[in-house]
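Just below sit the structures, each encoded as structure tokens.
What follows is chain A paired twice: with chain B in the first complex and chain C in the second.
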Partner chain A sequence: MTSEKAQAGPNAAPRRRRRIGDLFVRWSFMAPSIVLLIALLAYPIFYTIDISFSRFDIATFGAGEWVGWENYREVMSDYRFWDSLEVTLIYLVIALPLQVVLGFGIAFLINAEWKGRGLVRALFIIPMVVAPVVAGGMWRMILDPLWGIMNYWLGFIGIGPLDWFGDPTLAMASIIIIDTWRWTPFIVLIATAALLALPKDVFEAARIDGANWWSTLWSVAVPLLVPVIAATFVIRWLGAVKMFDIVLAATYGGPGKATNVVNLFIYEEAFRSLRFAESAAMAVIVLILTMVLTGLFLRGSRKLEELF
Partner chain B sequence: MKKTQIGKLTSRRSMLAGLAGSLVLAAGPAASVHAQEGLGTADNPVEVRIMANEAFANTWQTLLVPEFNKAYPNVRVVFDGVPYTELLAKMMLDATSPNPEYDVLLVDDPWVPQLAEIGALVDLKGEKVAALTGDDYDWDDFNAAPLAAGEWQGVQYAVPVRSNMLLRFYNRTLYEEAGLPEPTPEQTWDEFFADAEKLVRDADGDGKDDRWAIDTYFVREPLTPTIWQSILNANGGSLLDESGSPAFANETGVKSLETHKRLLDYAPPGALGHGFSESLQAFRQGLVANMFNWGSVYKSTAVDPKSTTLTVDEVGIQVLPVGDVQAGAHRGIWIAGVSSKTEELEASWAFLEWLTSKEGESINASLVGSFPARKSTLNGEPAEPWLGPVYETLQQAYDVAAKGKMWRIRSPKSDAAQQILADEIARGLAGQASAEEALDTAAGKIEKALK
Partner chain C sequence: MGTVNIRDARKSYGSVEVLHGVSIDIEDGEFVALVGPSGCGKSTLLRMIAGLEDITGGEIHIGDRVVNDVAPKDRDIAMVFQNYALYPHKNVRENMGFALRQRRVPRADIEQRVTEAARILGLEHLLDRKPRQLSGGQRQRVAMGRAIVRDPNVFLFDEPLSNLDAKLRVQMRSEIKELHQRLKTTTIYVTHDQIEAMTLADRVVVLNGGVIEQEGPPLELYDNPASLFVAAFIGSPPMNFLEGDLVDNTCLVLSDGTRLELPAGDPKGRSRITVGVRPEHFELSENGWPATVSVVEPTGSETQITARLAGNVVRVLVRGRTAVRPGETIHLSAAPDLIHIFDAAPVPEVAEMEDVA
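On to the complex of A and B.
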């Protein structure tokens, strides 16, 4: 025992020193990121939470008197907040599945060997690099019932003229079209990479077994892709829930309240109405909702990974 | 707010000012040095920074500042343009900081109460500024309506630098083609709609309507309620009563919103999404016979061939149709005030005093096309012949607006109230709520917001 202690004794101190040194090195590598995260993420979040429980003091541009849950009660009783959440939900429920299905569908199609595939892939990237406000403005011109080219083209097949920004349903459709145009290529890129990474032997085996194109897609590719599809959905969800600039540029949230998504509503209440405290309360509610839903989606995504 | 030459001029100036205070008799030369430094010297020019709407900040920097520098060569004026939607928030943020960047704030019509409440602006008729103001600066020469935009609770915080009024533009050619006489400022809403029936027509004979009677603000945005409000005021209604409570959720308010909505029946397809730019575009292309828009667009709509297909002879301008009580208009004045924390009070006021003097206003009108607020400028010889009828209408609109109190809510919470109106008027126009329901909701919310 004594000899063991004696043996451990001289080694223990250097080992502790090494461990402390190791910890120091690790933390020193992490420190810049931690400082940046605190400055750029944690501080604004805590500042927003602080404001949401206070009366906003315009003279100091910061939190004033503590008012407890008053701002939250005010927000909860505002029908416009609930309407904007509903509008956001409608947009998400339609746009996300549409983009994922389209993205993976297009990726599957352009994954096949055909001439010009490279060019099409390159062209697909263009919408992604267009700024959302520019995309919104550009599509506003395309869809304009008076000057836009879309109604002109639709006229050739006997459709329209459609009032894209005057009809509430069509206005929401416009937003979804613009968003889908912009973000589907992103999903195509992920899906193409995922398809290329799939094991070739499984597809060869399916071909030898006589599987046709549809069977290969439905019974081989889709099950193998499910974890990637789920992960893509979560990534796209995190982007889509921030929807703001396209709406601002294309419809201003109208007609009426038809496309007034929650982020636009929060922005208007904060920077146009200068109701910073109530806007902070709304932002906190949306943050919590987003975190809860993201948690659920991640859990669902893990379950799917286990299943497939 | 910074001197171009970094030095201790401020402390030197304070010292000189202190000296002038204690040695009154000996103050003559010291005060003269102080005045010299307040307006800069060739070696030590002073800088005045101005926060303004990006829509015209650059033009003013390029065209007006050189003119000002002919009179004040040692004051360097720098305009910083900010997008309209962010302007008020940025101004408030700057004004509340311990060392604001800006000496002069160029603000929109309803913002003075908000800036006054946080003590951001200097009293322009107060002792300090009065001591710097020339004897020939004639406050009484301003029209009451634009000057009132810079006033709050009896204090003059800002002066009108770019006046504007919501006016009716009409296309004489389209009226003629429809076989209608030219409208007059006495035309009522009923007469307007009777004409509107005939103004919507198929001009090229392809079986589809391609000319319409009207385009204006219908989109969901804060300026759309100004159309409804001008109809409301013309019908004898008002936004608030004497006690400051909403007074528009009544028969007059509903009738006025229904009138605004009825305009859509005679507007081009997609007009529910139209605002400033779209209505302007439709009018300039000769597609609509009438447009309710801001008077300041007259030059680009009727004069400048680079931006319009129309000519001065084709474009008429007048106040909005007559309601139950009077004609309609709406005030939209850009006013400028001096920051209460500026270290360059003398130079800042020198710029504003020059810009809003009779001479400066004329230069501003002829070089930039800004509308004047002074009676003498409006009644004087216009710089261009086309300005004659425009100034005449503008004077009429000022009178109409002053009589009917045709401006947005004056309150530190005016923007919140305007946004509520924007939401509810948009719902009413889109048919998502009845006019009654929309106005009741707006009244309840505005009452709460203004408390």
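On to the complex of A and C.
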């Protein structure tokens, strides 16, 4: 250190030049990704915020006259917006816990070594790689009230025929079933990895201590898994608030507005009714709601981790 | 009754047999150490006794019943794991009482037994802590407490000290010994550290490659190793070995032609042998095997001399201090009954085992 200081006087100028050169090199390496990020992420967000405070100008396809909070006031007083938020909320409140519980449950059940486990795991990936619109269309056929195989099977146990997409409650159930079919395997994979990473000896200690299956699950596995469960929940939450494609393909928000989730509503308002400014305002509201709730969930999960 | 009888126990994983028929009889209250290098099957055998591994062949008796098909919880054993295996989200009290709660022991009884175990182990002030708030030694004590609370017929220890630092290991070693003297519960203790095995156990079983090399009281193994392996494994610093041809019954000819006189011949009359002498059994004398000193390491109570004898590194341990200097030639001799003779074979590399953590 001392020798460096002594040399600082005569060498200061070249060193500064070197530092600037170094900075230049670093930033030039980062530049392409920064440009790409601004173009693909930052610009659309700012564009949306911009038009949400303006009258939309169809001619320039951009922000026209500045109108302040007017668009926000309008959508906040629109009962259809609140209805679509409520639909989204119902979907989230049922689908998320269902998928997380189901995912971890299945993972716990198939955790033991058995033949064909690899094959089943591979099969589990299929729902995730199927395009959402294809999944929606496929399930439309499965759940079709007349020719659908679901009603055919349910007929054997004396249920039905059910009008899956005609009844408001059943339509929501259909959406949740399709979404669960699509996303539970993802959670199973995460949960399986998490289970494999758990310390084996703790479970062995539990076996010797005489814990049965149930108390092994509740006293050992679940507490050890809490951090992963919380993280999975947040990941799944981030995916689920974007719910759009399955509804679009399966019910298109119907019957009536029973499955009209907020993203579909915003999409409709923008591209059917051409109310771009108002839908931009709604999009911003949803974005902020999502960010706040995500922040809360992250904090909650951290608290939960400390508890265990 | 805390007896454990193992009859021809075998273990295979698929077509690979890792334990080739091991029989051990352990008396009530005995402290037996299973020792051997990694992969010798000692942990596998312990886990078979615990019921964590299936028994491929043979029988294991605990008390007067065969436990081959008995669930771990019904074998009346308690196990202490290498990584402690404490329940991370339970505090010390709950960790120690968990087994009893599973047996629906009344709450007051659990409390009393946990308190008693905590008192024995000096854990009273830590009862409300979580494992992660404890040091390694404290966690190990909790793991032992969890075993004690159950008052089992047999304690099983699976390398319980190998995650602790050297100083703590020595301290915990004497605590385990004290605990055993106090509770007199049958104990089976797995370790790769021969010093742990020697200092703790009433009887040491040396395993190698899935078979028993030798079993007996620690000093019996030290005095009369049955094989080169046991000789190399037991004792620290390890025994010195010299391989050569025996001619005229008392003259050992090393590979480079050096001739060493043996005080006594080989009773079995072999011609190609390996001679073993423990470092502490060498004496510096007027006329013995000549060796050139390379390093002298005094520790106060004793001095370790490393010397070269016809290309072989030889360690010598002498009491107190010595005036020997590097470069000097010393003459080594040993009493006839302290010179071990084995069939000639490469010396197993087990000397460093004790350093493996």
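FYI, the second predicted complex is superposed on the first by the 275 of 308 C-alpha atoms of A that agree within 3 Å, B and C clash if a C-alpha of one lies under 4 Å from a C-alpha of the other, contacts with A are read in each partner's own complex, and residues count from 1 in each chain.
Convention: contacts are C-beta pairs under 8 Å (C-beta built on N, C-alpha and C of every residue); 3 or more make two chains touch, one makes a residue touch a chain.
Since the structure is predicted, the reported quantities are computational estimates derived from the model, not experimental observations.
Visitor: With the two complexes superposed on chain A, say which partner A:P161 touches: chain B (first), chain C (second), both, or neither.
Guide: first
Visitor: When the two structures are laid over each other on chain A, which of chain B and chain C touches more residues of chain A?
Guide: Here the partner covering more residues of chain A is B.
Visitor: Regarding the shared-chain residue A:F233, is it in contact with chain B (first), chain C (second), both, or neither?
Guide: neither
Visitor: With both complexes superposed on chain A, which partner does A:D144 reach: first (chain B), second (chain C), both or neither?
Guide: first
Visitor: Could you say whether A:N260 touches chain B, chain C, both of them, or neither, answering first, second, both or neither?
Guide: first
Visitor: So, does A:F124 touch the first partner chain B, the second partner chain C, both, or neither?
Guide: Touch partners of A:F124: none, neither chain B nor chain C.
Visitor: Applying the document's definition of touch, where does A:F104 land relative to chain B and chain C: first, second, both, or neither?
Guide: Neither chain B nor chain C is touched by A:F104.
Visitor: Looking at the overlay, does A:F186 come into contact with chain B only (first), chain C only (second), both, or neither?
Guide: A:F186 sits against neither chain B nor chain C.
Visitor: If you look only at chain A, which of its residues touch chain B in the complex?
Guide: 58-61, 79-80, 144-147, 161, 163-166, 168, 171, 251-258, 260, 268-275
Visitor: Could you pull out which chain A residues touch chain C in their complex?
Guide: Counting only chain A, the residues touching chain C are 199, 201-202, 204-212, 215, 219-220, 223-224, 308.
Visitor: Would you tell me which residues of chain C are touching chain A in their complex?
Guide: Against chain A, the touching part of chain C is residues 50-52, 71-74, 77-79, 81-83, 85-90, 98-99, 102-103, 146, 150.
Visitor: For a test of understanding, state which residues of chain B touch chain A in their complex under the given definition.
Guide: That would be residues 85-86, 88-89, 92-93, 96-97, 114, 117-119, 219-222, 268-273, 275, 278, 281-282, 287, 413, 415-416, 418-420, 423, 426-427, 429-433, 441, 449 of chain B.
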